[in-house]
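So that you can tell them apart, the chains are marked A, B and C in the order they are listed, and the count of residues begins at 1 in each.
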């Protein structure tokens, strides 16, 4: 192993690793077969699949609890569960969905798999650290599952003190430990991405030749690095407060319960963009590929990602307009929250302009992308309603907020996740899924989602508070409508789990580039070889070099 | 009218001018939203049909790409939405400045009930009766976790925090029966921490007060009873055996502390001194003998006691006593 | 004496050049230190805010902190940074055995810091200055905010101690590797990268000492 003792001179290689420039190895799925080769792999592609399996499991837990919550809300008098059970159900739904699905969803799976391929690298900069971050994630997951198995938590995913520190009688500490640990997994992933994007780009792959997917992941990673430590401190203090009554959040000792909310939202608002930005990256890949047209306004879209990641650090106070925050602070947070909508709007208009005069194929990923644009726009604009101080005084903590963030989280992140999953599934597995099933479930999810969540905007404006198990009877009709929609949504989620898994064994073999898309990941075989590139990757001179381009005469194509 | 009369309602009732204006605000905002989004949705759908692969569409003279377009669709919608920021902020500031003649209702949130006290001393649990045509200010505090008092009919809510007072005000202008809620998740029976808001004419309200009049004499009157029950007078009355500062006329006066600072005996000072007399706020020339009443005196009793000390009555009654 | 063995870095298979590999490692460590800095900054900021809002209580609590132990510990850690720098210099020259000695000296100083810190905690325990222990009444019961300050002191110094302990463990493990010949020829940059982390722990203490001990006296 040590034959390659090297000075700073030209690189010699460890003879045991096949050189991608020389050898023709098997693809990464078949390079090795043992269980050990999966659980101790340092291949970013295999780690991505480990993450994909884990977050899918968590998505199922989160979705089942959501289904139970919707079931409970069919009747207004809370007869399905006890109040405590209901509170635990929505807490588990929130904790699992936010920290164990949405935050790692796109970065840890697609980001892990695709960033090295897109920039022409053999792996992430720190492959062992990448594996370690999955184990850290699973350790955190273990603690959270322990708390759920022992009897659950009932604080809500926001863990507001003093409820969480002094009044709740549930398993708060294991849940908090789990969430704290998962934060380290995010930090390690973000660190790996930042270093990889900075140092591992193939020769000729300049910053402005990078796909937008890489740009948005770079912005996301910055948020991981800069915001996560703050939630770590906040949660550590919260654990200490609950276990030892140290007093930081207790007014009896000169502490302040609202301080926790500041620390919490200083992370958790940027965390919204941890969930949203990678989704924007996915959409920015899908839309040009299925319009066969160069992405409109590439630089603006790239800068918008960085802009979002920056401004998002200054808007956390809009979660606390009615929590006794000073009025001037509220006004400042309000106007900054309006400003944060600007880069989002840039992206939406540029995607629309990309479709204009393209040559559209309405395949499954594109259907998801179009659904995404519609739902994200609604979610974003209702966010502006919430940023308007006078409206916020009314709809704060009502179902309006619930509807708003589900339009962003489900309409945004989950749809982008599913779109990306269908877009890159052939690359991940080397197989094609059945297109018709894909289209059916995309349409089902879009319809089911809107039936589930649109009534909640109305419920919220009517004044139904969130996290209510027992609610006034006049809200029952809209709640039943919402619950009915969730069953359609559930069917839409179950279909892909079946036909995508089916495709792994029985699907048609996928060509290297089934969508005729641009980008380095499509220049390698499907599935990619174990070391990604058999020949030195050639960076394209322009990103998104599709046949149709703005301000050029359209060329003929098939 | 019972709030559950309607099986399906699509717009909430409004019972104050602010609430009506908030409705106009959100409606106007929705119009702008539609102006901004409908073109995008129509465009996407239209492009998807018009430019589908295989459709013989003109794809030449592709979209003109210019910085001007980018800047304009960045700035114009932003500036338009800023109108609503200003409108919303203006309404918000109005809702923060209670008129001086507002009637003050004390509210206390605790797991899982609301307690309201009228200025005349009557108190209610979970239900609240208010007169219309009169500004009403609610001063509130929590006894345990954070709650949030929410009146959809006024389009208004405010958190109640432990150990800190918060306020909101509104001017009801329509009678009827409406709902109030706790909107900040507060534990097991959060969803049962709701109640009924009854808005009535001034005359009806006066009559209601008569009938409901449990504790006459108001906050301060009730406070006198608290003063007695905690035996504050044993030390603080003039002529008491234990030498403690007289509380007569203390409120609003300047007090010299043992460490030389001079502070004004405001409400926060009174509360602090009762809950925790040892907090470096010992008055000059006195020894530290008073026990702390934190976790001893309930918040509503404390409120009444402070109201009593604030009222002139403490002075009069103490001077009358031997 | 092993003056001037070859110095270098063995290329990991996924990097194209050694330069790229070294750049990645340095950038990675800096990014990690940035997150660490934010972690501690939150705690120090809370301590400073507390000082502003409750000056007397914080002073009362700070009077119980062992200023001289803190001061000696500051000197000890600065000394350990010096020996670490020495180890880095020697590693660049390829003097592997000298480097190992300096690394051991660094680990020893780090351990001395922890021992002094442990003694300080012990003294605090005796003085009933551990308000989070429910079976040991707190000395300054009449000043609740001081309790909070003392608790923050334990969180901050405990977290710092944990970092130092991790640092010593990594250092000893690396010393073991470096005691075999050929270490510097393949892994010289590990010393450089670890040096960054060690200096960072030192730096955190240099901020913690005035924030907790000095400013409040």
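A few points about this structure:
Criterion: a contact is a pair of C-beta atoms (placed from the backbone, for glycine too) under 8 Å apart; a residue touches a chain by one contact, two chains touch by 3 or more.
What you see is a predicted model; the values in this text were computed from it and never measured.
On a Cα centroid basis, the chain most remote from subunit C in this structure is B. Here the chain at the heart of the structure, going by C-alpha means, is A. Centre-to-centre, using mean CA coordinates, subunit A is 37 Å away from subunit B. Subunit B and subunit C have Cα centroids lying 47 Å from one another. Annotation for subunit A: residues 252 touch two or more other chains. In subunit C, 57, 144 are the positions where the chain touches two or more neighbouring chains simultaneously. Within subunit B, not a single residue touches two or more of the remaining chains. Looking at the complex, you find that subunit A touches subunit B at residues 78, 83-84, 87, 154, 156, 160, 162-163, 166-168, 251-252, 257-258, 291-293, 296-297, 300, 321-324, 327, 330-331, 334-335, 338-339, 341-342, 345-346, 348-350, 352-353, 355-362, 370, 373-374, 377-378, 381, 384-385, 387-394, 396-398, 458, 461-463, 465-474, 476-478, 548-554. The residues of subunit C lying in touch with subunit A in their complex are 6-11, 13-20, 23-24, 27-28, 31-32, 34-36, 38-39, 42-43, 46, 50, 53-54, 57, 131-132, 144-145, 147-148, 151-152, 154-155, 159, 182, 185-186. Every residue of subunit A that touches subunit C in the complex is listed here, in rising order: 2, 4-8, 11-14, 17, 121-127, 129, 187, 191-192, 194-196, 198-200, 225-226, 228-230, 232-234, 236-237, 240, 244-248, 252-255, 259, 263, 531. Across the complex, subunit B meets subunit A through its residues 3-12, 18-19, 21-22, 25-26, 29, 33, 36-37, 40-41, 43-44, 47-48, 51-53, 57-65, 70, 73-75, 77-78, 81-82, 84-85, 87-93, 95-96, 111, 144-146, 148, 150, 152-153, 155-159, 161-164, 166, 179, 181-192, 194, 294.
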